Amino acid sequence: MDAAIEISGLHAAYDKADVLIDVSLTVAPGTITCLLGSNGAGKTTLIRAILGLTPPRAGSVKVFGAEVTGEATHRVIARGVACIPEGRRMFPKLTVAENLRLGAYQEPSEAEIKRRLAEVYDTFPRLAERRNQLAGTMSGGEQAMVSIGRGLMGKPRLLIVDEPSLGLSPLYVKENFRIIEGIRARGITVFLVEQNVHQTLAIADAGYVLSGGRVVAGGTAAELKSNAEFHAAYFG
Amino acid sequence: MDLFGQYVVNGLMLGTVYALVAVGFTLFFGVLDVIKFSHGDVLMVGAFTGFTAASGAAALGFSHPLAQLAATVVFALAGTAALGAAIARWLILPLKSAPRLNILLATLMLGTALRESVRLFYPDGSNPKAFPALLPTSSWQWGQFTLRADSSILVVTGVLVIVGLHLLINRTRLGLAIRAVAQDEETARTMGINYTLIVLVTFALGSSIAAVAGVMNGLYYNEINFGMGLLLGLIGFSAAIIGGLGNLYGAILGGFLFAALQMIGAVAMPFASAYKDVFAFAVVIALMAWKPTGLIPERASDRV
Amino acid sequence: SAKDTVKIAFIGPLSGGTASIGVGGRNSAELAVRLRNADPKAKYAYELFSQDDECKPNVGVQVATKAAADRKVVGGITHYCSAVAMSTVDVYHKFNLPVIVWGAVLPDITYANDYKEIHRVNGTMVNQNEVAADFMTRAGYKTWVILHDTTDYGKGHNAYFSKFVTEKGGKVLATFGVTADQQDFTAELTKAKELKPDVIYFGGLTPLGIRIRQQMDKLGINAQFEGVSGIVSDAFIEGLDPKLAEGVLAFREGAPVEKLPGGQYFLSEYEKAKFDQGPDAYGAFSFAATNLLIDAIEAVGPDRKKVTAYLDDIKNRDSIVGPITFDDHGQNTVALITKYVIQDGKWVLWEDSEYAAGKRKLAGAK
Amino acid sequence: MSGEMLLSLEGVAKSFGGVRALNDVSFGVARGEILGLIGPNGSGKTTSFNVLTGLYAPNGGRIAFDGADITGASPQAVYRAGIARTFQRSRLCLELSIFDNIMVGNHGRLNRGLWHNLFARRALKAEHDAAFAEARELVALFSPSLADGMFQAVGALPMIERRRIEICRALIARPKLLLLDEPSAGMTHDETHQLMSDILAVRERLGNLTIILVEHEMGVIERVSDRCVVLNYGEKIAEGTYQEVASDPLVQEAYLGSA
Amino acid sequence: MLNRFPPLAVAAAAVLAGMVFAIVFMEQESDVAVISLIAAAALAAWLAGRAGVAEAVSRAALASPGALSALVAAAGLGVVAAFAEDHFPLLMLATVMLYATVALGLNVQFGYAGVVNFAGAAFFGIGAYTSAKLVGSGVPAILSLPLGGLFAALVGLALVVPVVRTRGHYAAVVTIAFAVLFKTFLEVNDAFGGPQGLPVAAMNVLGWDFGDAPTLFGADASFYLNYALAAFALLALAFTLVRRLERSWLGLALDAVRLDETGAACYGIGIRRNKIFAFVLGNAIIGVAGALYGCMQGYVAPTSFTFSDGLILVAIVLLGGMGSPWGMILAAAIVVVLPEKLQAIQEYRFLLFSAVVIAILLFRPSGLLPRRVRRYFPEGGR
């Protein structure tokens, strides 16, 4: 079976500054693979490169065995990818319900969309209460819920998640990790970026550590926990 | 007040034209958050395209007004849709990361370029053109009051177009995508929306609405000229704003209101009718002081 | 042997709503220059320095300054728009540049000052409206509603026409000033309709004239439409449904070009020159003025003061627009006014028309 | 509880359409105290900040600060009274330099006279140099490298640095009360730790600075707060030391998720 | 590559080159010459950028802004002197300087405070009409300039409520409506000469008649020299004022209001007060420039002050680079001189002009001389 994500020799940069240098990694299907690293290490940039939002300068990205380097974002999404982006990124002038619907933009069946909506409302009752509120007026944490719910609406084969628990209350942080485990249980691959190292490693199968734009460590979650370089990179 | 009805009918007709121009503006900046100042001139191009099509159809021997009307509408819509998409592709998309006002200025200059191009390159383009009367010209007369069939058709069509557009924007997947793209390009892409396509489609759509207004203007006044878009654009813009950008129906409200103001300024005020625009625009300013976000305001979506 | 080059300025509206008249005028001036340059007897080689005043006073002042400040320019053929001509006379005077106005009709351009430099080949709106009022009242019309644009041009027409028509027993029921870029006149016309005038008089230029005539029809107003020299242009007819253009009356200063021997020559030469546009209504004036200026330069040499003096003395000089005599304000006093009616899509001299012959009837004619 | 209280809210209410964001909320903050304001998402924490700082007028209740009633006062008046804040979503002016952004916070203490600013360039220079030294010193406390580039545009900096600058902007004018809305969001454990230490150090130097801290990281709350107020659905459900509220079953159920 | 030379020397050389170019350019009449000079200038600017001239200039500007400004001012006067006897180039130069002054006023309004003003031409017109009415009726010209500014500011006050209450697109419509209203009002109102406009008497300052040609070193200079010098003085004044405003706490407050009203309010910055200040100050500057413009043209008419003219002014601000005073001057020069120099291709010049502006916008989205991060003083605070 093809890897869910396979990246090799990836370079990326904004304007002049190099952000990713020769990054190679693999995400095995059906796993939760996490990407760790301190602020500014380049995690978000890596995700942007996978999605085609920041086209890489060199290297290749494959999703489920298909070369997607240089492909338009909506085509990458069409391969069964969904993303919960960093910083929530609401459509502030759309209602909560409309935001959620956009998560299933490529799904043609209205009945299916309705079914998924119901599921999301089930997970986040707060969103059901507020389905007609403009997303821009929701509280920080409520917006995080919208963002996660929106990612779930896509019913992807691969879910890419960038710091979903930012701004969530402790209860919902736990809930969030439970959701991610539940997703894996359904056979969906998760590529997870998180700052919450301990909780992340507790649920992840494998992980990579990014530092200064390079992969400095990688392996199974257990290996990472005991890896010296990992400690050096992460805890200084 | 035998003529009151006549004024109302005139006002409705004028208001419909304004509303149709306004709705284009609302679409562009209510939905796409862009002021497209070339809108009035695209309208003019639409009118000229329609005029050319009608003349062409006549020259090819299609003498029936309906055939000519069909040619007019089809070519005007298609032509301006293509123009709109081209504007989006080569002007708006390259400028999307530049400061907002730049788009405004660029489209403004584009408007000048369109206007000048028609003047210079359209055969005898600097002179007014007689737009053929393609709608039934029968009329009903009650005393001083004349109701023309063509005017009634135009008013009804105009309102239907706006209502249809409103439904498209608010009830369909395409409409949702258009609104999403306006607010956050990258996230829209991340949702799997083909950003470029949606922008092109929106501009094609907005521009063909301008063509509808242009053709309608031609059919109503039976005269078009290369400068017709200038003031019409300004009035449409004002109408869109006083109506409020949150809602396409604001454009209808704004359009009719502006027409009413002009009518009142022309006939019901103690000063000379030449002051009617002064009057109408002064009221617009006062309205903005009173309702700074228009008569049908947007729901506030920003918070701290 | 190489001749000295002498520059002549042409200024007129080359862009905007009256551009067709301006370009026609420019082409005609150009034609006069070309014809003269082709003449081996000419003492100088002439060059036309043509400028666009956009029919805007401020732009007019700018280009007038540019022309007048250029020492190689000896004289100018200047302005169709009265508002522009009014604003530039001071400039020409300041720089002693002799100019001949080729189209603007406001009396004040020549009469509100004592500037020797300013001349005009065409008549003023005074004569035109006097003739118009006389003609219309004789035709049996009694009541008028006047629409005029609010430029000095439109206001002037309104003032003179109202004066003359009232003197001749006509009655002005209402007067509406409209702005020069107005599109919709239904409010004014609805009010006019209520008053049931015999005639709608319009004092203004072609674009507005077309719109007003169209909208009269929309509102079912059957009054006779009477215009002024500002609508005597091919564009007016082209901009209207033939049905609506038919029977429109207008008046213009100067003899009909077609009727004068020189006129035929001008039209055929213009044809030969293959300009992309016709001379329009004022091309002949521009042509005549250019020739006059060149004659002056040929006679006294390229010297502004001498040319001015020469022009001031012109008396009864033949031209394609009839004889020219400048009075002490530089105004051509030979006030020939031509009456026009549109018949079958053409401006036709009233006297030659089927209307005059009684075969067709004007709207509401008794 | 009035005399020694720096700030007190009494029965404050705020609703948006049908949403009751705050419902009869009363609590106080004593001088020199660090109050943790916690509660589930959407419980009204940010809204209380917004009401406090005059961005929203409350629908009911009274707010007193330092002996004066500031209910419904304008944001400017609240700032003049001595309350400064940071925002849950960073609100720096990205085109402006670090120094400019901090001077925005310092605005109340700068001489804004027309003559002084436009014509008395010497006096302005003296004032500028003093303000610069002060700002630089403050920034250096958080990040020495930033202090070396006070004239770089904020937009070029990573998020974490922006958060620091935003806190400096709030601190520069030496407010009596500082409102921090999730200052450490998006930081790693270590970075959060570091930031809190820096804030505490500054507080030490400014002496007696009172802080209300909104934070979802319980470790932080536990470490720095003297007292906590817990909101849920716009209502206060608990108040006390961290240990007290953390063991409250109501709080555990609504917020912490019972262990 | 140019690092060996002191920045100020490089900057001085660049300014000198610019001055020579301006003189040569203004003298050209043929299209070919004009277009090749433009191409040459673009190429030279590009090469200079590559060679580090721009960098050297900005370093010089940082280290010794006074010296650089003096240099540019001297160069400007040099260009004026070169055409002392030629009416038309002087008229153009003075127009450029007045338009630049107006752009500086607009710059205060929307470059700094974010208050869009599409009625710049209207306020310019108020200044011009003020001098038309006043100079004619015997008010000393020296008073008519400040009065022009005062009236513009006062009329602007009528708009202050809607301008301050509205934002974004909604704010735009207020000034657009005013721009249209103003022109129509002038046109239909006989007291102001109607569409025809009014003649303006030449300025006379303390016995110095601006309508008379001054004598320079024995030769008769053009009378426009008077106006060019006055315009220069006005521009220098406005420039200094705007520069100082920008580099002060007041300028900072305006920026904060533009960039984030809520944030600014929470730090005690009065939103209304700052917007009103910027709007009124900007209109006053524009009005003073208008008053001088009226006298110089000798004629004021509504068509000089239309909505489209207002847009040209906005174009200057955007092309120059919002908030960048030097940019205003450069852009004013381009916007005023280019269509004029293209007169020979008459009918096509507006088409060409709009194409040029679009090209600049596409290739230099933040303007020709984008604003740089603020320094309050040379090498501030080091």
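Order of writing sets the labels: A, B, C, D and E. Residues in every chain begin at 1.
Heads up, the rule we're going with is that a residue touches a chain if its C-beta (ideal position, glycine included) is under 8 Å from a C-beta of that chain, and two chains touch if they have at least 3 such contacts.
None of the values given here were measured: they were computed from a predicted structure.
The chains that touch both chain B and chain D are A, E.
The chain with its Cα centroid farthest from the Cα centroid of chain E is A.
Most remote chain with respect to chain B, judged by CA-atom centres, is D.
Chain centres here are Cα means. That of chain A falls 31 Å from that of chain D. Centroids built from CA atoms put chain D at 75 Å from chain C.
Chain A and chain E have CA centres that are 51 Å apart. For chain B, residues touching at least two other chains, in rising order: 116, 230-231, 272, 274, 277, 303-304. Each of residues 46, 55, 87-89, 91 in chain D touches at least two other chains.
Looking at chain A, residues 137 sit in touch with two or more other chains.
If you check each pair of chains against the touch rule, the ones that pass are A-B, A-D, B-C, B-D, B-E, C-E, D-E. Across the complex, chain C is touched by residues 86-88, 91, 184, 187-188, 194-197, 199, 222, 297-301, 303-304, 340, 343, 346-347, 350 of chain E. Those residues of chain E whose C-beta lies close enough to touch chain B in the complex are 110, 116, 159, 161-162, 165-167, 169-170, 172-174, 176-178, 180-181, 184-185, 187-188, 262, 307-308, 311, 314-315, 318-319, 322, 347-348, 350-351, 353-355, 357-358, 361-362, 365-366. Here chain E touches chain D in the complex through residues 241, 244-245, 248-250, 252-253, 255-256, 259-260, 262-270, 373-377, 380-381, going by the rule given at the top.
By the touch criterion given at the top, residues 2-3, 6-7, 10, 13-14, 116, 119, 124, 126-130, 132-133, 139, 141, 144, 146, 148, 151, 220-223, 225, 227-228, 230-232, 262-263, 266-267, 272-274, 276-277 of chain B touch chain C in their complex. The part of chain B that touches chain D in the complex is made up of residues 303-304.
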